[in-house]
Amino acid sequence: MTAKAIVDPRDNVLGRARVTDTTELEIFYGELAKRNAGAFWKRANAIEPWEPETRYRPTLWRYAHMRDMCLRAIELVKPDEAGRRVVTLLNDSDAGRENTAVCGWLFSGMQAMRPGEITPAHKHTASAHRFIMEGKGAYTVVDGHPITLGVNDYVLTPNGCWHDHGVDAEGEVSIWQDGLDIPLMNCLETNFYAVYDAPAQAAAFPVNDLPQSYGGAGLRPEGIAAWDKAYSPVMVYRWDAVRDALRNLAEVSEGSPFDGHMMRYANPLTGGWALQTMGAHMQRLPGGFRGKAHRHTGNVIYNVAGGQGYSIIGGQRFDWQTHDIFCVPAWTWHEHVNLDPVDEAFLFSFNDFPVMEALGVRIEDVFKDNDGRQICAL
Amino acid sequence: MTAKAIVDPRDNVLGRARVTDTTELEIFYGELAKRNAGAFWKRANAIEPWEPETRYRPTLWRYAHMRDMCLRAIELVKPDEAGRRVVTLLNDSDAGRENTAVCGWLFSGMQAMRPGEITPAHKHTASAHRFIMEGKGAYTVVDGHPITLGVNDYVLTPNGCWHDHGVDAEGEVSIWQDGLDIPLMNCLETNFYAVYDAPAQAAAFPVNDLPQSYGGAGLRPEGIAAWDKAYSPVMVYRWDAVRDALRNLAEVSEGSPFDGHMMRYANPLTGGWALQTMGAHMQRLPGGFRGKAHRHTGNVIYNVAGGQGYSIIGGQRFDWQTHDIFCVPAWTWHEHVNLDPVDEAFLFSFNDFPVMEALGVRIEDVFKDNDGRQICAL
Amino acid sequence: MTAKAIVDPRDNVLGRARVTDTTELEIFYGELAKRNAGAFWKRANAIEPWEPETRYRPTLWRYAHMRDMCLRAIELVKPDEAGRRVVTLLNDSDAGRENTAVCGWLFSGMQAMRPGEITPAHKHTASAHRFIMEGKGAYTVVDGHPITLGVNDYVLTPNGCWHDHGVDAEGEVSIWQDGLDIPLMNCLETNFYAVYDAPAQAAAFPVNDLPQSYGGAGLRPEGIAAWDKAYSPVMVYRWDAVRDALRNLAEVSEGSPFDGHMMRYANPLTGGWALQTMGAHMQRLPGGFRGKAHRHTGNVIYNVAGGQGYSIIGGQRFDWQTHDIFCVPAWTWHEHVNLDPVDEAFLFSFNDFPVMEALGVRIEDVFKDNDGRQICAL
Amino acid sequence: MTAKAIVDPRDNVLGRARVTDTTELEIFYGELAKRNAGAFWKRANAIEPWEPETRYRPTLWRYAHMRDMCLRAIELVKPDEAGRRVVTLLNDSDAGRENTAVCGWLFSGMQAMRPGEITPAHKHTASAHRFIMEGKGAYTVVDGHPITLGVNDYVLTPNGCWHDHGVDAEGEVSIWQDGLDIPLMNCLETNFYAVYDAPAQAAAFPVNDLPQSYGGAGLRPEGIAAWDKAYSPVMVYRWDAVRDALRNLAEVSEGSPFDGHMMRYANPLTGGWALQTMGAHMQRLPGGFRGKAHRHTGNVIYNVAGGQGYSIIGGQRFDWQTHDIFCVPAWTWHEHVNLDPVDEAFLFSFNDFPVMEALGVRIEDVFKDNDGRQICAL
């Protein structure tokens, strides 16, 4: 939103601000400023662009590098001093660094935990979710519900829930990606934080009670207490089931030209998003898939669940392999390619689409030229 | 609703009709009758009972007998002459026989089909669903979507959809139970019927496209045409998945004292019932389960999916084993018992609870005396 | 639904039952009957008509006559003996008389009350609403909320609410029409009834607190207890406001070719019907209005709020004037005509459309021939 | 969110970041920075405050002054050059000036228009609404619907609608307050803008067709095209009706201890907010009203619709009279007082509560000490 050196010629039309400033006007502007006021026409064209112009850049983090960083953090700080021993992913832009944002108003980090370690119990208005990348024996406890975590599982830590995480003493070093809407909660001035009065919660329910009660396909348990939360009771979505569901879909559907076969992690009680402020998907790119380009409002952060390929984002090619992380900023053209001619690739992603939908501004655009694909020196 | 010989003493209170008829009143009643009118107080107590009094009786149909009947029907009539070669289950009451109802305003029948046979394609305002009891190679086609059917699968034929059923030429004689709300649609004067202009629909979609697209647990497909129907897109709920979901629930929950572990066949896009007018459940009674009694508005028809036990319904014991069918009329006390001390039993059931809920009259009552169990000579 | 002497020629097509009975089949039918079963094909065509065939007849009640009947009832019985001193309107058909129904599964009656009289407090699962035809000083108390009633006001007594009615000692003899879904609640076996432990409720809230809190157009009160009921908090809809709203609509819209200008009495918190099982409308027929014919599922009972005209219902003309009552049974063609070339006419009506909608069977059909009007000897 | 000079002592507890930096860590931080990453514990306490800390200050604009500014703008610029000749209200804070925000992510401005002037037709993703302060003959055209505007009327210009405004040639200079969510749309990178291909829209509907169709209290028009927008069809809420509704409420309710008698401008088809991203209220403070203090997430901008009094906001007193504008930033204590012992005062306000609700973060807190009132040198 910095001043543009060159004026957009489209701004010289009826309905746009195009006042020529005069001495009288300058005096007027000074008087307005004294009264906490300004002339709308001075800033109108800047604050009402013809279309969104993102402050963020497409950015990619190699798992090989970031994994090392996480393992080094293990050596350097203790979880009970760090609070959470998280390596934060910062978008390669001023906005990313200022807002502590991976993309848009979304936060993301990676953390490694050793067997026997715990992250102290706490809660916050920001919602969180996690995608497990490696290890054994990881778990979380959310409002007293213990949940075990395996590789490529997706787990929720909703808005306002007490939570602590850890790895069983018999487990292995575990690494996951966190996604939170901390920047959004800060920008909306709605962020509350509290610490639990003990390092960890005691289990108040059987292990995995929520996924085992609500994780039946097209089934809803009866005769137990009614679920009255705004988030999905499934809590954890297992990799095997998600992969199989995508393969089932692939047998009967060509999928999307942009995203291949794609499943939303949903709330089975509403069909909507699992959380109120962040969504997540797993998508399957068939062997040889060469997607078409589109763009939309909202921000997406991808984690490669398996396979290798590349994405063209804003005209720039980003090659990726398993557990690399990359992002697509709002209203930026993007397309995905699976480089393996036979084997499928899987992309996990999370986004702020629920915010876009709730506010009536989820808007999409399809790339029309060049058979639907961006021109890019490959 | 026939006149009671003995007046309910509670009817002699303020707020009840208790007029003593006189000659003048008799004259008045006659004049009212001439004008298509009547005196409310003459019928008030009869049409406003203190609580519902069902016109239906608990009834049980042995699978051993009814299976024979279905197989005999195969020999006696052809599907293209019968339309549907269904043996109708009639409640053991005047209401059942008059309304062609298994219980309440619900219809149920059983049909057997031989390999290569088809039921001619048609549609109706009444909704239908089916529970498969035996055979191989059965299928249905619903609005062009082909769906394969296995034993203990539950499948929908919603309101207004074209449908035809059959058994593959390579299959085996198949038997299923049909449930429909034909009596309700007739009583509401909303029943429309039409025949298709060919004996069977051509497949317009890949086999099992709907269950394979929407049958992932807690997942919702993206990038395909939005589902805009009022019924569940899952269409068929497979036995193996339902059984496993119940066992998962059983590991983490004691279930209901009335129904053990119970899953509603749900619409994953709404969390609600799969159809607008009829619901269905599968429940698991653990080995040795001895349920407590309750009663509620709405009618339930059970099909024993596996195991043996008995139910006490309105004070009368009904023993059951696999694929026996029985019903519980509205506002009638009932409790279920699994006679096997170790092995689980499964009851499929369907009901009119969606109607009760939509109209704001789903009401339940718990039996309080005798430790929650009816007194009954066992 | 009695057997037709002549077989519908359309029933001799594939997809309809057309079995020729044989001796063997007759034996089979006998065996089925012994097992509470029957052959579906014997009744299929009867219970699955090509389209609904109503059991009800269009019927009209003249206010001049019915008013007399109500006033005579005042002389003949006391409210505390009658419970409710209501003259019941019975559809001119067997179904009407058997089901105590004005049309469909709807009950309607008229009652006159003298100043100082009260109807004893009670409640029932059946929902009720009323339309005031004449008098002064009438009131109702619904769950402790006192509501004053004027001519042409429409008032709710929802499902399960305690209610009593009366006329102030300083008022005048008042007459209103009641509408209830008693027959529906009986046919669904969900009818509960209870009497209050006092003749009348004490006011627990200021007079007219609900209409004064929720009766602002497009406004919703804040800072008071949240409304958590399934019915409209407005409770009473005043005639002046309804008439003005219709005239406002008439200034900017041609209205419906079938119904002129029409307003639904709505729940402003949902936009839906004011009650879960019955709807109501006020419609305005401009001077000279000659409506077109349509038909639909669901039943409608009209009360002429003002003016004179006629309706053609099922090919038969019914002339009406102020406070005459008439009904249109399900799936019956109907059209309305205002006989005054200049003055507007108003029709109040209530219906069972909410039931049709909740169950997915609200279906409409437009009369196409003869410029959209039925042929009828006028 | 600038660094605090003094560390919050509560940050030295388990669950908060409290790492002591070392040389090794500094080297690690440098390596992270090279990879677009950072250490979460360095910023955790800053970005996860214990409770929200607003960037905004309570600010008041006197109508006497701002009116002058608007009238001067009339002399200095033409509407077709300015686009919109709006004087922007800027919160008295860095955030306000940077974000062009009146408070939170909300924009507000004031504009005066002379008879015969028009604002050129355009549309934007940002939603807008207006509150009329003085003049005669003002109007707006929204997606072809012409709407007349009077003093203290509240009118919508929803997200994505074409709109132009003006004052009839026979009218008088008119002044109104605009509210928009331009800053929110910019911060979410969802702001689109377009100009119409003519200076003004032609009327496509009768004048005031929407308020006259949907503005009946508790009534919903039938027989016209179904409303399928996410915003209220009422479009304009007239002052007389709003004032009367508040007085009706005042007769039957004590109202809220914080806000007196308060009405939400609602969507009568949903009961929810009239727009998806901004809400608005009119509240009535009875003569002598001395409100209690509360605070909540979300931002509120007030316009005094009538009367005189003061509000204590964040411990500071702001005196106000008719058409003064002031704001209450998020999570700031506030209470309102009507200085007239007899006459009622009215406050119009708009807010971002719909955003808070849609994202699950509408949170409120009541001031408990000092009989619920802030301590403030009055």
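Couple of notes before you dig in:
In order of appearance the chains are A, B, C and D, and numbering begins at 1 in each one.
Assume a residue touches a chain if its C-beta (ideal position, glycine included) is under 8 Å from a C-beta of that chain, and two chains touch if they have at least 3 such contacts.
The shown structure was predicted, so the numbers you read here are calculated from the model rather than taken from an experiment.
Between subunit A and subunit C, the least number of touching-chain steps is 2.
Between C-D and A-D, more C-beta contact pairs join the chains of A-D.
Here the CA centre of subunit C is 44 Å from the CA centre of subunit D. Centre-to-centre, using mean CA coordinates, subunit A is 29 Å away from subunit D. Among all residues of subunit B, none touch two or more other chains.
Subunit D makes touch with subunit A in their complex at residues 1, 13-20, 22, 24-25, 28, 31-32, 35-41, 43-45, 47-55, 59, 61, 65-66, 69, 72-73, 76-77, 80-92, 96, 100, 104-105, 109, 120-122, 124-126, 159, 182-196, 199, 230, 276-277, 297, 329-331, 355-356, 358-361, 363. By the touch criterion stated above, subunit C contacts subunit D in their complex at residues 205-209, 212-224, 232, 234, 237, 241-242, 244-246, 248-249, 251-253, 255-256, 258-271, 274, 281.
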